[in-house]
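Chains: A, B, C and D, in written order; residue numbering restarts at 1 for each.
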Amino acid sequence: MYYDDLLPQIQESIEPLFGYGKLADYIPALAKVDPKQFGIAVRTIDGLESYSGKAYQPFSIQSISKVFTLTLALQTVGNKIWTKVGKGSCETSFNAIAPLECEHGIPRNPLVNAGAIIIADALISHIDDPRATILDFVRTISGNENIDYDLEVSESEKQYGHRNAAIANFMKSYNMLENDICDVLDLYYLHCSIKMSCMDIARAVTYLANGGYCPFAKDDIISLKEARKINALLFICGMYNASGDFAFRIGLPGKSGVGGGIFAIVPNNLSICVWSPELDDHGNSLIGIKALEEFIDKTGLSVF
Amino acid sequence: MYYDDLLPQIQESIEPLFGYGKLADYIPALAKVDPKQFGIAVRTIDGLESYSGKAYQPFSIQSISKVFTLTLALQTVGNKIWTKVGKGSCETSFNAIAPLECEHGIPRNPLVNAGAIIIADALISHIDDPRATILDFVRTISGNENIDYDLEVSESEKQYGHRNAAIANFMKSYNMLENDICDVLDLYYLHCSIKMSCMDIARAVTYLANGGYCPFAKDDIISLKEARKINALLFICGMYNASGDFAFRIGLPGKSGVGGGIFAIVPNNLSICVWSPELDDHGNSLIGIKALEEFIDKTGLSVF
Amino acid sequence: MYYDDLLPQIQESIEPLFGYGKLADYIPALAKVDPKQFGIAVRTIDGLESYSGKAYQPFSIQSISKVFTLTLALQTVGNKIWTKVGKGSCETSFNAIAPLECEHGIPRNPLVNAGAIIIADALISHIDDPRATILDFVRTISGNENIDYDLEVSESEKQYGHRNAAIANFMKSYNMLENDICDVLDLYYLHCSIKMSCMDIARAVTYLANGGYCPFAKDDIISLKEARKINALLFICGMYNASGDFAFRIGLPGKSGVGGGIFAIVPNNLSICVWSPELDDHGNSLIGIKALEEFIDKTGLSVF
Amino acid sequence: MYYDDLLPQIQESIEPLFGYGKLADYIPALAKVDPKQFGIAVRTIDGLESYSGKAYQPFSIQSISKVFTLTLALQTVGNKIWTKVGKGSCETSFNAIAPLECEHGIPRNPLVNAGAIIIADALISHIDDPRATILDFVRTISGNENIDYDLEVSESEKQYGHRNAAIANFMKSYNMLENDICDVLDLYYLHCSIKMSCMDIARAVTYLANGGYCPFAKDDIISLKEARKINALLFICGMYNASGDFAFRIGLPGKSGVGGGIFAIVPNNLSICVWSPELDDHGNSLIGIKALEEFIDKTGLSVF
């Protein structure tokens, strides 16, 4: 297929980079993963798929899940979600608390931890069984009924999640949360613990490449306009405080997770997901970014 | 006695100021207090006492309690407490969280909320029954067995204490707390809820005016050197971010609480405590500061 | 032509918005401009042009000039310019100085004042007559030999430019500037004072819509890759701290100036420039942003 | 006399500490000083003097001069000087610019660079020949007609003073300065360049130990109340961001300069000045602070 030759070449070229990053050690359950793994999967909006490496190996999607909960929030809460969370860029670390103080408890965007906690709170307020709904949603858009939460990971994060508890309590002190802090954090840790493979994710985010249309749901799951807005947001702040550098080098909307996954969107063309657990200083997959950069360099794909 | 004429004059002169400050409304149990109250008490190191107004009316001492827990921590933990909390000044609000992020979870000093939470944690680690010990200590140094915690206030603070929970969780994420966060916060809210009168406090802090010697314990409770160090700290940061202004206008070591109490120390001479519940923008008793200023102006007392 | 009907419609629809923004009053020479003016011009990469209103009226391009000097710096200094200036987003105001302190004198990107001053310094170091070269470059890419500096404006900015002088001196203290501060600031104020019309600018930035190719120079002025990188940078930080909001609403790379001009790029399609002097709170043309939003809404153009 | 035995003991005990600090290398003229020098001088308010080491060797007083210009400003401008400069503590470095941005151009206190520049500006506005007046004032209060500016040092500071130029321009952008920036900075560098010996300084600051009375002027140069207020300010922020630590260890009002001098005040008793050029990380004389600490430990002097 289209990228059947390219993806193995990329896999080969990144081999020498194993060992330069490091695992997310602050979540004990993630620190046990074999670091020398790599997978890559591409899916075009026409439904053509290519892959290389461990593209079908499920991993902890972590912050990538924030894109799915944001999409669900737009579906259920609608535009008024933007009264509780900004759309701005993020100079600081994903778990920084100081910016929250400057802005009176309003997170800069839904992709930093604080913003995703706001989204989790909104989902609890607007959905009967958010835990089931989120999982159902992710299974539907990726066409994979086997996707599930990893309770060991969510428990592990909760146990060591004092920073997120600080952020949630801080926002609560500004009346930014409607529900019980523990319930909100439980849901947040739960959706971060979802395990998906590169191919699952490449399929699931097709709606962002395809104007809101999901081929597995056989329906628009959000409008074209909303899909574009999510892409704009991903471009601005999908890689935390490395977003500027990612925009400069890769030039595509995308989202990373500390499990080592990163997806990117070429609008009206394809979605791509890479995975390799070792992280760089910003918490993004070191090899994943290199692989995406090579993909872009070789294909010349760009939004600009 | 010495100040029997002066204190009623001061009381009279502050009368017109009622209504210009406002109660600490973020603690519901404190917001119910009658705002138009005033008390003042002075005790010299020779044991002479004067007072005016509601000097024997117990009120919530709040942050004034931080001086007592710090003293207990110096008694039991000793100088190594300074590895976990700074001795610096404090430009920002008493419940600011941003400075903690700059300094990797180490509070600037033991008199901001974060620092007092560190002290509470240390007391739990080093004392068998810190709850009883703190109360016992305060009763002893003030010579009043009736002093007690106000559980309604401590519960009220806990219920609305998301900001402090944020601070505690944040420090925990830096491994700055040894004990369970809930236990630490419970102790913190408890000691803040102690009710004492102006006279109780003026008596209790005599050791800071008298080189560490407490007339009710009939013993040094800390050394002369430590008493001086606490005074230096109170001078630098006893009034939160209004400390510079307080030093300039009053020029004495002192400590305020959001219950409306403020004490000040004239070393080798006397201790004074004023109380009036309405607060200024910095969270200090508006009338209390005026009364202290008049006391200083009329008596010419100063450390300089 | 293509947009001959749409642009007058947009002009009509923005009429009611006059009076809601305000002129850039900190540059006296700019504060004298008649506020109730509007112009809009579009040029496709095929060379088709449409316009409405005062599209041929020259105005002070101000920060839009930073795109031209950056392009010149990439031509002459090349990639090593990125050792002296970042590519990151910008949460704070365009003339903030605190971020510089955090990052030891390195500006976040070449589009904030500090970054553009670094670029001006680099041009002085690498070009014999930067003053003539910049003007020549702008005239060439817009095909208009009449474009010129406005010395009254540059003098006015210099006279009231204490903030920029602070920024330049601050960077000099970190050895970030090679040349005399006055020379650097003179060049900076000079290029900000260039007067161009909407049509001039729409033509001049064609290279960003057209993979680096300039139809007036009849040559690539930068490579496709560099053009894409500049677009990524414009997307991330072309509207200062309103960049996130602009990305969300308009979703195109663009750049604003406090003279009231804004251009935007639809890659491989067209460039557009609007002008209206009244500014919003972020320093961007209030009516200009509305006009661009309507253009996007009506045409459905997007990079995503 | 009183301290004739103690001071040589202190000198002996600090000998092993040479080599642990470093010279202020950002002012070339200061970097040429022989680092292994030490002097100490004490003067009681009764006029008794003791000294050891190079107590009569003139050195560059640098920031110590800020106490003299503040005193002159209180004499000539009076209390309205406090509308242009704060009285607060200072968590950040003496030449930080970020705090100025937070507080809209108003310096935290007259002892940080920004504050002293405000004072220099006020002196230019209120005094006919501030250059002559400052020198005359310092000569009078120290009883030494030979004290003078060191033009080589002031020129050297000016040449490398981009940070101070940044601060001055920044404040000018907030309309905080009335006079030409160059004139203000010239006066600032000039008064910082004054050369005095430990004995000169110990004598000169007698008025702060003696309720405003200067034995050489044979008159009060400021009121008792103002002397106390200056002492309070010195206590809070005389050692920049090491003020809290200095208060804790030494517990006296004092002021340091990057030339290696530090004076301290024991109110109603004595003034003391030490000098040793090697600085600690905060810019205070490393050996100077140790010597003062030993002086306090041995004598038991304290304000508390």
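Definition applied: a residue touches a chain if its C-beta (ideal position, glycine included) is under 8 Å from a C-beta of that chain, and two chains touch if they have at least 3 such contacts.
Note that the structure is a prediction, hence the values are computed from the model and not measured.
With every chain reduced to the mean of its CA atoms, the largest distance from subunit D is reached by A.
Each chain gets a centre from the mean of its Cα atoms; for subunit A and subunit C, those two points are 33 Å apart.
In this assembly, the C-alpha centroid of subunit C lies 47 Å from the C-alpha centroid of subunit D. Averaged Cα coordinates give subunit A a centre that lies 55 Å from the centre of subunit D.
In terms of which chains touch, the assembly is arranged as a closed ring, every chain touching its two neighbours and no others.
All chain pairs that touch, listed by label, are A-B, A-C, B-D, C-D.
Interface residues of subunit A facing subunit C in the complex, by the touch rule stated above, are 86-91, 99, 108-109, 227-229, 231-233, 235-237, 241, 243-245, 247-248, 251, 253, 265, 267, 302-304.
Listing the residues of subunit C that touch subunit D in their complex gives 96-98, 101-102, 162-163, 165-170, 172-173, 181.
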